[in-house]
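Paired with subunit B in one complex and with subunit C in the other, subunit A is shared by the two complexes that follow.
Presenting the complex of A and B:
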């Protein structure tokens, strides 16, 4: 994972499309609504999920994100696929024979449910992350009335994340170069001692950062985030895909 | 870091629980966090932002660190009990929540609609249960370093298992497919194993910190004797 220079991140894909230019708080709201719409769609409405996907394809075209780029980055969902695959074997209810395996119908549906909603959810999150730089994301959160303390903590965390992660990488490299190769739980000693030192170094850095802030006039509150507001026109255009998604979810109850 | 295989200790994705359940736990998470933000100010006053920010960066970095559970299966630290023992439950819960929030928004790790359930399980339940266990064993922890290390292990193990019970509860309310007994068995069984890894790392990390800066450990901090001024003259 690389988080560079405090304003780009692993999933960000800089650009200047319509989607990139939207204010971050608008995009966060739209992404949450679209994910909710996907989750609220009944699992038997198979065709509706295809339409949800087409809606996303439309957004990718507008944002000029190539499909290959997206596919590589949505592999993050791989772990939970395990649960979806297990479901047909463990669930109760009527069963079907398929290639000599006895599968539960209900489990198949539940597995499909997690797989399709999880995949669409990841794709929506990746789209949001791809089109929004890090700093905008936090100021977008502050515009959505997330308490200022949470936003300040998040900003500081993101600012120092790369420092701490690099420190962790250096300690790991140092361990490896001294022949450390843990394979079992009982070989964890060296690793956890470096977790301990990492905590100490982080905490003591926090103390230094606090002193540095004090010496620059910090009085306990941070200057407010200034972000562009969104006009009513921007909101209504941006909310359009979310509205389509919600309409799809509702129509799913007739289809199913 | 090399490519990782996080087969366990994963965040919930979208679609595991239904929309109403996601919304309910979203509200639970927001309310819980609001309480934590108010109480964290009391713990740290004007140091809150930088300290919590750096501890959150630490949690994020530590979650990138994999440890072996069984050959071929690795997990990563969740850090709830660790944070609670080191910086207190309120700051700890905020740090873990911010990590989860940014993982969902920046790295698509954990579904957006599952953010409420993930924060409830890992940040709120995990941290507070872990801390509750640690406080219950506090007398033991104060006695010796070994006591502190054992306390940390138990707190982290219970934290992991109870956080997985949070998942079972959410699945019971809004999940489909599996019988509840099966979910219970799978989750608790898995997390009893993961909890051992979490417990060992937490225990040894707390031990390593206690060896160098025992004054930093929130759990035992208030018990440290404050300096006394003695007015007895020096006799030669």
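Presenting the complex of A and C:
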């Protein structure tokens, strides 16, 4: 019996669009530049953020990602939204009256800043994740000369997060089967102890995995991943949205 | 004359904590032989296996694989020659996809394209999981995982295949399918197991280790037919089995 067969990568949406076919390292660079452009845009340049958003919509159309799918996966941002909404109430400085509430002007701007840049940043990241399988992301990073040890760790994490999650599920089932019902605070002890033993098990697994890696000739770096290289043309086309984003950011300083 | 695939002479080993696990083991496996390594828990089977690819270094005695002695300088070539399939496939399949995993070994040993892809394909075909190449190991059945783990080692083209408890956690069909795959490989094999019927099915010869020494080295059928000998070394055929 296999308990919990593991989940597929919820953020990836397989497809065969232009965006999907781009080499991963190109997409990582473009996404990074686009986030940079959003962050660099002055917060008072309200209209520019709309244009940033339109740019993203263009990419979604090209990648054929439906908006609802994106929206559901952007919910990860929710805790930050709470902070952004609270800021206008608690920040200092000149205040405005709005529907009988006294709001701080600085707080409003700061909240807006977090909200709009956070949302756009999350949307860009989700777009990258949606169009790129996880293993390609790692090989893209290694192509971008991220230190090989970081790539090794990321690769192993991809695999063993699932294994450890499955192990944790089995341990939870074993607890529940023996009448554990962690609804009360004093029953948390068992859960905490099983986290401890999960750590030990994972540690021991780590040693066994290392042994298995050594046995197949591992000497400290992963063998080079085979990734498609990108031509000059691919680069220039792919960098176009990033260039537009950066131009928008710069023009923001005139608008604001 | 080709040297034996494996030659162990007077191998003794004590763990750093002083626990002596092996007291002078002698073992010779000719090319193409399939040998079962039997023995109760704690007999020193795993310790012996970890000497074969240089994870442990002999305290006394020596180990040779295909005529090459296990030394610090040779360790990389020794690891290519000795293909260990570990007991838990989840320890062995650590890459995001099966194909990545099968590529890992030969790539480390310096195999390059186009030879590399060919090796991977051959290994996957040999164990019958070619259609699973791009899947994550997480989404495979127990039997598929075991065969994928076998493929990761086959791709390194080892001189000797060492299997640690290959039949554990397999359902009867997967167990039989694995046996068919192993019988079809035509490779030198050392199979560590508690599954005595499996040893009988796959290995004409068995070596029994107990207390850190070899206590028997004979045809598997002979060993399994000697009930008194089995009992003396905490070995036992499953209920209902009897060999004449």
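Criterion: the second predicted complex is superposed on the first by the 230 of 256 C-alpha atoms of A that agree within 3 Å, B and C clash if a C-alpha of one lies under 4 Å from a C-alpha of the other, contacts with A are read in each partner's own complex, and residues count from 1 in each chain.
Quick note on the criterion: a residue touches a chain if its C-beta (ideal position, glycine included) is under 8 Å from a C-beta of that chain, and two chains touch if they have at least 3 such contacts.
Quick caveat: nothing in here was measured; it's all calculated off a predicted structure.
J.: Output check: A:120 vs subunit B and subunit C. Expected answer is one of first, second, both, neither. What do you get?
T.: first
J.: Quick check on the superposed pair: does A:39 touch subunit B, subunit C, both, or neither? Answer first, second, both or neither.
T.: first
J.: Using the touch criterion from the header, give the chain among subunit B and subunit C with more contacted residues in subunit A.
T.: Touching more residues of subunit A than the other partner does is B.
J.: Would you check which partner chain A:109 touches, where first means subunit B only, second means subunit C only, and both and neither mean what they say?
T.: Only subunit B is touched by A:109; subunit C is not.
J.: Just checking: does A:135 make contact with subunit B only, subunit C only, both, or neither of them? Give me first, second, both or neither.
T.: In the superposition, A:135 touches subunit C alone.
J.: One more residue to check, A:216. First (subunit B), second (subunit C), both or neither?
T.: Only subunit C is touched by A:216; subunit B is not.
J.: In the overlay, answer first, second, both or neither for which of subunit B and subunit C A:246 touches.
T.: Neither: A:246 stays clear of subunit B and subunit C.
J.: State whether A:149 touches subunit B only (first), subunit C only (second), both chains, or neither.
T.: Only subunit B; A:149 stays clear of subunit C.
J.: Between subunit B (first) and subunit C (second), which, if any, makes contact with A:63: first, second, both or neither?
T.: A:63 contacts neither subunit B nor subunit C.
J.: Between subunit B and subunit C, which residues of subunit A are contacted by each of them?
T.: Residues common to the subunit A contacts of subunit C and of subunit B are 134, 155-156, 158-160, 163, 205, 209, 213-214, 218-219, 222, listed in rising order.
J.: Across the complex, what residues on subunit B touch subunit A?
T.: Residues of subunit B touching subunit A: 1, 6-7, 10, 12-16, 18-19, 22-23, 33-34, 37, 40-41, 45-58, 60-62, 64-65, 67-69, 71, 77, 86, 94-95, 98-99, 101-102, 104-109, 111-114, 175-179, 182, 186, 196-197, 200-201, 204-209, 211-213, 216.
J.: Within their complex, state which residues of subunit A touch subunit B.
T.: Those residues of subunit A that touch subunit B are 1, 9-11, 28, 31-32, 35-36, 38-40, 43, 73-74, 76-77, 79-80, 82-83, 86-87, 90-92, 106-107, 109-111, 113-118, 120-122, 124-126, 128-129, 134, 137, 147, 149-150, 152-161, 163-165, 167-169, 172, 182-185, 188-189, 191-193, 195-200, 202-203, 205-207, 209-210, 213-214, 218-220, 222.
J.: Applying the document's contact rule, which stretches of subunit A touch subunit C when the two form their complex?
T.: 2, 5-6, 134-135, 138, 155-156, 158-160, 162-163, 166, 205, 208-209, 211-219, 222-226
J.: Using the touch rule from the top, collect the residues of subunit C that touch subunit A in their complex.
T.: 50, 53, 55, 76, 79-80, 82-84, 86, 88, 90-97, 100, 103-105, 107-109, 113, 136-139, 141-142, 152-153, 156
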